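I'd like to ask you about the structure that follows.
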Amino acid sequence: MSLPQRIVVEITEMPNLRNPSLICGFPGSGYVGKLAIDHIIEELHAIPFANMFSSSFPPQVLIQSDGTTDLMKNTFYYSKGEPNDLVLLSGDAQPVTPESEYEMAEEITKICEKLGVKTIYTLAAYITGAFSKTPQVYGTSTVPQIVKDFQNYGISLMNSGSITGMNGLIIGVGKRKGITGICLLGETSGYVVDAKASKIVLETLVKMLDLKLDLAGITKKAQDTEHLVKTIEEQMGQRAGVDSLPMPQHDKKLGYIS
Amino acid sequence: MSLPQRIVVEITEMPNLRNPSLICGFPGSGYVGKLAIDHIIEELHAIPFANMFSSSFPPQVLIQSDGTTDLMKNTFYYSKGEPNDLVLLSGDAQPVTPESEYEMAEEITKICEKLGVKTIYTLAAYITGAFSKTPQVYGTSTVPQIVKDFQNYGISLMNSGSITGMNGLIIGVGKRKGITGICLLGETSGYVVDAKASKIVLETLVKMLDLKLDLAGITKKAQDTEHLVKTIEEQMGQRAGVDSLPMPQHDKKLGYIS
Amino acid sequence: MSLPQRIVVEITEMPNLRNPSLICGFPGSGYVGKLAIDHIIEELHAIPFANMFSSSFPPQVLIQSDGTTDLMKNTFYYSKGEPNDLVLLSGDAQPVTPESEYEMAEEITKICEKLGVKTIYTLAAYITGAFSKTPQVYGTSTVPQIVKDFQNYGISLMNSGSITGMNGLIIGVGKRKGITGICLLGETSGYVVDAKASKIVLETLVKMLDLKLDLAGITKKAQDTEHLVKTIEEQMGQRAGVDSLPMPQHDKKLGYIS
Amino acid sequence: MSLPQRIVVEITEMPNLRNPSLICGFPGSGYVGKLAIDHIIEELHAIPFANMFSSSFPPQVLIQSDGTTDLMKNTFYYSKGEPNDLVLLSGDAQPVTPESEYEMAEEITKICEKLGVKTIYTLAAYITGAFSKTPQVYGTSTVPQIVKDFQNYGISLMNSGSITGMNGLIIGVGKRKGITGICLLGETSGYVVDAKASKIVLETLVKMLDLKLDLAGITKKAQDTEHLVKTIEEQMGQRAGVDSLPMPQHDKKLGYIS
């Protein structure tokens, strides 16, 4: 008996794309990337073309909204448009072991090579442990020139720390295959599902990719997040504002993971 | 040296079955599925025909009632009957790692293919964290029409959440091989070995499969469970009844795992 | 690049043995089996003939008494004698993952097959959580007749529970290859390194194998254990004796692991 | 689909070296070895010639000081000199699982064989749990004669315990390939990043290898460590000195890991 295949990709249709970029957002802290990628898929009416199953996903099945059940999976979508076609990747979960995270990043970059993807954008969370009234978008890239250009888009730089999980590994593994990687991280407390962080990440991405994307839906959700955070702050002792929270010194100084 | 075989199946006799369904219940919360499957095997005098050993079981041997010892294993049984022949699967344990759970689900569905199994039933627990006087049976399936038919059998629907472990994975992996999967979950607090939940799952299964099955034994055990729960409730402050337990708001709202 | 070999066996000399039995005692609770096997190896002046290295041992090197260092390993010894030759196996540690425990048990039984070993004895601990003045030896076997004969040697029976780790797996894996397995477990509290439990296991083994073995050394260590336990008991509130310890109800009722 | 390569070595230039020794220091307790190896690389202007990537590193990418990002990796350097050429190995992290630590040690020793490395020095930490005014350098080797010679260099001996992680495994795995291994451990409390321990290890290494190495940089950092420790001690109750710390009895008696 041979070892079972740990990753299986089922392709229903291999799209023919023009100079495509990949955008992905795996579920992580605050669901920042996941909310953002699902918003793009919905607004662009992107078309699913492949599922990736893996024995490195959590060992469970998910109940769908119609009452049926299915294995956890990544789903690839495409959207044709100007100036670039897009590949969009939304996952149900991150793999359960470090080694299988590398393996899945490897598989995803292989699919990128087949599709002709030259640039990968990952959408992630920059966790500060504090609620900020003016959250920022942070960025890193595998290419120095892109880092230099970040200021044109109002993206804050990072010069230490790490990006944990798929949103980091995919651009690291892609780099070794000659694919340009860019990670945009929305500042978030890490305490709540943070659509506000997703929204600012999307606003930055729209500028970078010159994308036509209706942000009304995510803006509505971002307002919900703001109300939630306001309620939490009020419960935390009727303090006057964010700046007087007990942990302002941590703001922007903590490590960033996604 | 090659990697050792992680799963070994020892078949003593490959039965010739007519349109068989597989029923299995791996040990999990409340032993709901395990008690149920062992009851069926005993009452139908089902015949063992294969053992599945695996290095992904917990690293221990079990002492049998006669004082001898053996490795942990899954045992397959069959029972010929009307309207369907049945394959029954009872396991000593769940595999110890997520990846080996997928692998074992894969092996089990391969055996299903060889036996011509078209439908897999898994028996599991729906955990609420509260004692209910009128526990219900919940269900999910890989086939939308079966979900719609659940109401004919008094089965409650689920529209979110997950089923963790073998009882979920087997139907998820089977779906990808074209095998219909149905999971029946007996509502249980998760605090005790719950034969009452096993009993209502069996009652539902009997209706769905038009099965002849004496339920006297499990009914007796269910009464024992009821006495145990009553004792626990009395110790929890002589409260008047279940409805006034401190966690009624959780009832039926918690995630369901098995 | 292929996967590295996870187990490497270095044989310096393959002994030619007459009807040999294997005795092994992996380090576990109370070091019961480890102390016992090392006593046998020392007293019989057994001759080392093979080392087993594995990447599934804890990732560390051990400093030897002469200041040099080496990888963790299992060492096989042999001893020629009446009525049987013996193979003796002493390990530095148990493997770190469940799957690698199965794999190592598999490798050890392969070596048994090459040496013509028909019976494997493992020496282990039966943990009660209480100090007993008259600890007993418990036993299990893969062969029903041997279990029946245990009473001739004053060995107590078990009819449920499990034996965790290598001392259990080796006889379970051996059973599937037609090798008879016997596990002798010395009753111990599990709180101290218990040479007293090692001693009673050795006394039983001497009777079963009709072995000539000087027990003076282990008897001395067993007295040290007794003094240690006495001191602990005195510190636990000057209670009168073992029988009035706060956990007598657990005595002999807890699970047995080694 | 085959299993992915877990370790990939990218060699930019295979140097031709004269009787080289390998020196390495993986990140561990107190960063003793890591600070030391990075000091050597910097002072000798050593030339990088190979990177080792592995899916057994922590699943994250590191942000560099220029804002770009890369996978975690080991980097090999060489330095030509008298009397020996040197290979220097600095790693971003230790592998995440025990088995992958063995595997990486195996790969590193393979590279040693290709380069003709006859001796491996690993630089590690000897943890005592106490601050010592006169920390010592401890040593172990795979070769008895080298252990005997340690006194000529003021190196303290060890006769029990273990060295955990890569700094131990590399010399253990190397031993089985006929490569001499030496581990030098700087005494440290384990509570702080300890450049003082790195400095004394480097001083010893300089003597053993007759190395020309400017120690001004590490001496400065060692003074910083001393100031930090002094501050901690003052905060711990204005005690008079190290000898009256609450844990002096632990000094030099604890296990040593790195």
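By written order: A, B, C and D. Residues from 1 in each chain.
In this text, a contact is a pair of C-beta atoms (placed from the backbone, for glycine too) under 8 Å apart; a residue touches a chain by one contact, two chains touch by 3 or more.
Everything numeric here is computed off the predicted structure, so don't read it as measured data.
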Using only the C-alpha atoms, find the rotation that maps chain C onto chain D and quote its angle between 0 and 180 degrees, to the nearest 5. 90
Same or different contact residues where chain C meets its copy chain B, judged by the half mark: different
Centroid of chain A to centroid of chain D, CA atoms only: how many Å? 37
Averaged-CA centre spacing for the pair chain D and chain B, given as whole angstrom: 52
Listed in rising order, chain C residues that touch 2 or more other chains are 3, 6
Chain-level touch network, classified as line, ring, star, complete or other: ring
Show me the residue ranges of chain A that touch chain B in the complex, using the header's touch definition. 1, 3-4, 6, 53, 55-71, 96-97, 100
Could you pull out which chain D residues touch chain C in their complex? 3, 5-7, 98-99, 101-103, 106, 140-144, 147, 150, 157-165, 168-169, 171-173, 175-176, 181, 183, 257
